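By written order: A, B, C and D. Residues from 1 in each chain.
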Amino acid sequence: MSPNPVRSTTAVEVRYAETDQMGVVHHANYLVWFELARTRLCTLSGFHYHQIEDLGYHLMVTACQVEYRRGAHYGETLEIDAWLADLASRRLRFAYEVRRGVEVLATGLTEHVWVEAASGRLCRTPEPLREPFARLATPSVDALS
Amino acid sequence: MSPNPVRSTTAVEVRYAETDQMGVVHHANYLVWFELARTRLCTLSGFHYHQIEDLGYHLMVTACQVEYRRGAHYGETLEIDAWLADLASRRLRFAYEVRRGVEVLATGLTEHVWVEAASGRLCRTPEPLREPFARLATPSVDALS
Amino acid sequence: MSPNPVRSTTAVEVRYAETDQMGVVHHANYLVWFELARTRLCTLSGFHYHQIEDLGYHLMVTACQVEYRRGAHYGETLEIDAWLADLASRRLRFAYEVRRGVEVLATGLTEHVWVEAASGRLCRTPEPLREPFARLATPSVDALS
Amino acid sequence: MSPNPVRSTTAVEVRYAETDQMGVVHHANYLVWFELARTRLCTLSGFHYHQIEDLGYHLMVTACQVEYRRGAHYGETLEIDAWLADLASRRLRFAYEVRRGVEVLATGLTEHVWVEAASGRLCRTPEPLREPFARLATPSVDALS
């Protein structure tokens, strides 16, 4: 992988409904934020994820990990970074960082496989997405092409 | 309508994730509980709602109302009643009551129309569901048939 | 009420997790969006809602209504307007409109009472919030004062 | 650890709101189900988790992992097993398995630390919970005592 994959940054305003009775954001919501950040990152490839679905493919989640360092609170606006941490022909890994200013609140990973929607079968990176995703992983591909 | 439509009762254990920082269940979750109770009620017609979707129809929500009287708390198990409050050829209304023991915590209504999934067009009650839903609305239909 | 209460407008990017298997945003999420829009509106009074809670009060939801006209989809960015539709000494009603461009997707209302957090008792509009909320309801109050 | 920690089993009926437009349960909901299963397991220690909070402590989530093998669908009732996979004086790890009949749909882990609610500081297992949690980890403690 490139030492510097493309990073997207997404601002998220904490919603009251996302808090729980501990007074912080419930931990499951970080996965929803990661997905929002992943959507933004995909857009930087030139394809909104809904366009990827329109092509007939899903990026199915096969695993996730989150490490929570500090709680997030209602009234805060956070930043979520997302980048492509690993890109193989059939499997991708995205990484995430949730920040409040310079403080890192949480980090995470999600793993995905490509699925052909019609058949439900696993597949390789769909042809129209190969170069766009390669550029997310290794921006210098752009310079070489 | 019959004075005594069929009532389903569904037990719901409050989930921690459903609470918010006020220390009670966030008000949006009642709509999710209503849907769970509506699923149970549909089952009493002889069709699980996923079977209704398999027939090619959706019961699309067009309106909802909730009145909240008392908060619900993590650690409580509640009962949700649902019944068919109004049944017309193209439009249904379900009613709901959320209870903790004998205390009523909330009441609500949802309105729905039938939609043909393939075309996205509104339609009348699908033929195979007419009698089953009529029986939910007026149990005595059963005795008459 | 003033014919022209202050309106806040909040952009919301539809999240994948907000969709359901009908392929549209699940109807319960509109209440979450209304809350986000209400937070924005409160901010226009000079108080973020978390500051209102810090003063020792909650705006507890006692009722809600939503009318759904058209579905919202993943990949869309919507606008939610919120305004104070009714302001009494002990009870408020907010109104909402969800739009995709010029199309109205949904409208709604929520009713609230003031609660003193420490005692859990209903109360009148907290003194520091009276003028700020009156200005939301009737902007001309500003000109008169 | 004991080779056979106490296992709780919790039945979960998939809610329509838990599905997304892929037609399966959205992956974030598994964390909510894990929490429900963890609540059940805590109850087997003799303390409902809300009683643990009443004692003045939180079991704060510091990390989670999920592996997703197969999708879950609306209309299915699943079983979630939870058990205490690791118990140290300041840190716990719970493990989970989500099944549909004999098929394993997902497995997961969550890590937690004890927090004193009043101060927000990390602490050791609260004294009243030491023996009950030790019994969850190693049922034979019971026989020995």
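Rule of thumb we're sticking to: a residue touches a chain if its C-beta (ideal position, glycine included) is under 8 Å from a C-beta of that chain, and two chains touch if they have at least 3 such contacts.
Keep in mind the model is a prediction, meaning the values are calculated, not measured.
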Furthest chain, CA centroid comparison against subunit A: B
Gap in Å, rounded to a whole number, between the CA centres of subunit D and subunit B: 30
Where subunit A and subunit B are represented by their mean Cα positions, the distance between them in whole Å: 35
Per-residue multi-chain contacts in subunit B, two or more chains: 16-17, 21-22, 28, 31-32, 35, 74
Overall pattern in which the protein chains touch one another (line/ring/star/complete/other): complete
Touch list for subunit A against partner subunit C, complex: 13, 15-17, 31-32, 35-36, 39, 48-51, 73-75
Residue ranges of subunit C touching subunit B (in the complex, touch as defined): 21-22, 27-29, 31-32, 35, 53, 58, 60-69
Footprint of subunit B on subunit A - complex, ascending: 16-17, 19-24, 26, 28, 74
